[in-house]
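Everything on this sheet refers to the single structure shown next.
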Amino acid sequence: MTEPVLAIRDLVVEFDTPDGVVHAVDGVSYEIYPGETLGVVGESGSGKSVTVLSALGLIQMPPGRIVRGEVIYQGRDIIGLPLDELRKIRNKEIAMIFQDPMTSLNPVFTVGNQIAEALTAHNEKMSKDAARAETIGLLEMVGVPNPDRRFDQYPHEYSGGMRQRAMIAMAMANKPSVLIADEPTTALDVTIQAQVLEVMKVAQEETGAATIIITHDLGVVAEMADRIAVMYGGKVVETGTVEQIYHTPRHPYTLGLMMSLPRITGEMKRLLPIPGNPPSLINRPPGCSFHPRCRMSEGRELCRTVVPDLISGAEDHPSACHFREEVADELLREAAATGIAAHGGSLG
Amino acid sequence: MGTFIARRMLYSIPVLVAASMLVFFGMSLVTDPLSQLRLIPNMSQETLQNIIDRKHLDDPIIIQYGFWVRDMIFDGFGNSAIGDNPIWPDLKRAIGNTLQLVLISEAIAVVLAVILGVLSAKKQYSFFDYTTTTISFFGFSVPIFWFALILQALVTTFFLKTGIRLFYTFGQSNLGAANPFLDRIQHMALPIITLAYVNVATYSRYQRASMLEVLHSDYIRTARAKGLSERTVTMKHGLRNALIPIVTVAALNFGGVLGGAVITETIFAWPGMGKFFIDSLIRGEIYTLMAWLMVTAIAVIAMNLIADIIYGWLDPRIRYD
Amino acid sequence: MTDQQVRIDEALEIEATRASLDSVHLEGLEIQSLTQWQLAKRKFLQHRLAMTALIVLTIIFLAALFADWVAPYPFDVPNVPDRSLPPTLEGFHIFGTDKIGRDYFSRTLYGTRTSMYVAFIVASVSTLLGVVVGGIAGYYGGKLDNLLMRLTDLFLTLPFLAILLVLSSFLGAGNPVRVAFILAFLFWTTTARIVRGEFLGLREKEFVEAAKVLGASDNRIIFRHILPNTVGPIIVNATLTVATAILVEAALSFLGFGIQPPFPALGKLISDGQDSLTTQWWLATFPGLTIILIALCINFIGDGLRDALDPRQRVK
């Protein structure tokens, strides 16, 4: 059994706002193993970004605060590390790319300058020329044409896809063990999305980094991930392999997500959204935070009162639902009702 | 960058021309030199006629404008109407005197404001922040002339009580002073403090606001995620962006300041542009006034140009429009 | 599929959806929605400094407005036996008296009334002018925008105070209304710039496109869609204009070029007291402090308004 390269354990993060305390991350735990790609899926407000930002200490505290939890990297907890220790980990060991590459790059410095900065920040002895040469190599790796010329250009002279490639280059510069991509393709055109994902795959192959992809786009996750963690209302509600999540979901929310995907194959009469709205993170529903929108919780006291834990069943497929065994039946029922193919108890 | 500068310079020329027209025709709208002159007691018919000839007052206004422009470019604005004294030498001296005050006070104001603004932004909501905010608010609620008067009163009272002359409250210098350099500084101190105070208040709010906005932006988060030290993040990535608005505002403001220290100079009897202006206004010296207006307009246009260029140099996005 | 099968399927589907919706409980799903104005009002009320300033300012405003009743003494009547008194509670001369016995509290009160009067006229006229010019420039853009902006630039090229002095000296001032209009003549440019900027930005937004597609006329778009969105910055700017107007008017009357006797003016009061600052300090100090207080209050209120009306201010 290999050790995870990064492990988040029971992380709780809150924010003080004029309207009350926002429980953004409510006891989140997941791991990522060397070389794999973990997809973290959820709606806006599910806490997926705040989790990783807190891990790297990139949350503003105040108004945010890390109430408890650990983030274990190389055997030590990086939460609460003094800043100069944390700095050595950022980008060199754990790197991150963000959603909007236009605003994530400093407009007054050249792109090359900013990438080279990532190199020199962690390699004090590197000369300017060496940094430049290596940056040009990185730009080439991510597929930016004319990297020599592009080095001296400013972010506004790059296209959206190119900027994201530059961000990837910046993140991979020091060959980190973990790459975290927070909604990397959300701000891009669909056609560019595919290219950028390709670049990420290449970068991953070259460096062997474990990757966490955070997104709400189920298509992206299907493309890139080996395993998936589904988040809802600040908690992880289900984890599993891509097959498990897509074909045999074991949580009503995941089921709802899968059922709501439009399908190309087969006949579909109507789209099936999950009814209701995401929960308020200030006044959370008692018990299971999904229960107000969950058909299965009807008439069930347990769902309304007790918060379900993320427990693995027989199949090593953890799910946070009191009635996780019933989800399979629910799946069949709903599939029948809507004409979605379901063979042998799993979604086609 | 070069074409950017050239374009901006080319654009300034029509503005200059338009300004000259505005000054001349505007002034002609507001007052009539002839009737102004007739109001002056003890003006002999001869003198009057002399002035009319010199200033071509019986020619159509367009011609007058032409002569005025010619005088402006080739003859240092010509001579004043009433006294028939050359305008330029006095004006030049006034400009020099004002520049002394203004350059120093602007420099102090900008430096102080940047420091205060950056610190306030970094320590938002702290005691320091609230204190500087209150002082700033006070700064732009205070009438400059009142502030100047109070300063004068304080220094005078101090002198009366202790016999020590900390600063001088009037004029530019004392003749025969033992140490002319120190003497000059003692005279300049109060007007500079006055001018600087109001500017520091405004500029530091600007700087704080701009620094706050910058510190919350995504690229600062990226810089931190890269593992850079807080100092590098704030000073290199943050400040470089946050300085842009204030530098441009200061440059623009500076252009106006040549003509804007009127009140301060009057109160401290500093022989600069302000005093020059008030004196000309009281005496009804229209041509001198017009020369003054033109000089200040040129200063503003020049500083606008410089501000544009600085802005283009600081912010690469602007260069390519 | 047979008709029957289709109907069964549909029935199942409707039943499934209805059942799901039934289980939607209200707990944990409260989303309070307030209108924009309610939000703004709430935010403003929470801003303690602005609220305090508003109260203080209202008191001053009312006192000045009803100066004829509030002031213990008339503005300009000498009372030689009580001359040169430092501030004292006796005879209610809380701001002292001058060389010929005029009560300075009353004088300051009357002066405040004039200042506020002028400032409000300036703020309203210049805002109106600025909104019109800026709105036209920002909405129609192109050549019209260019022209109007060059015009405002030209106004800005010449030094503010100097122009004011020239205008008031030659056009004759002294009368508060005249002074107000001269001031408004130069103040509108800032408002115009701001409004133009807002219009330019909002013009590109999708809701304007949507309105156009629905067949809305230009007028309707401007008044119904864009203008309400610019009200925020306009109000903030108008508030700050009031403060600036008071300060500038005081400067003008101080120099002797603005409001002149017989009209009371705070600046004139200060200039009257300027020579005796070291002996009868109260003469120049109190009018000055009054100006500062008023300007401070207005600035705090403006700050509070800005916080309240800015939709982008959110805790991240």
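The letters A, B and C name the chains in turn, as written, and every chain counts its residues from 1.
We take it that a contact is a pair of C-beta atoms (placed from the backbone, for glycine too) under 8 Å apart; a residue touches a chain by one contact, two chains touch by 3 or more.
All values reported here derive from a predicted model rather than from experimental measurement.
The chain pair with the larger count of C-beta pairs in contact, out of A-B and B-C, is B-C. Distance from each chain's C-alpha mean to the overall C-alpha mean is smallest for C.
Chain centres here are means of the Cα atoms, and by that rule the chain farthest away from chain A is B. Chain A and chain C have CA centres that are 47 Å apart. Between chain A and chain B, the centres computed from C-alpha atoms are 55 Å apart.
In whole angstrom, the spacing between the mean C-alpha positions of chain B and chain C is 26. Looking at chain C, residues 316 sit in touch with two or more other chains. Interface residues of chain B facing chain A in the complex, by the touch rule stated above, are 217-219, 221-230, 232, 237, 240-241, 244, 314-317. Every residue of chain B that touches chain C in the complex is listed here, in rising order: 15, 18-19, 22-23, 27, 30-31, 137-138, 140-146, 149-150, 152-153, 156-157, 160, 216, 256, 258-260, 262-263, 266, 277-278, 281, 289, 292-293, 296-297, 300-301, 304. Chain C makes touch with chain B in their complex at residues 150, 153-154, 156-162, 165-167, 169-171, 243, 247, 250-251, 254-255, 267, 270, 274, 277-278, 281, 284-285, 288, 291-292, 295-296, 298-300, 303, 316.
By the touch criterion stated above, chain A contacts chain B in their complex at residues 56, 58, 83-84, 87-92, 95-96, 98, 100, 103-109, 117-118, 121-122, 154, 156, 167, 170.
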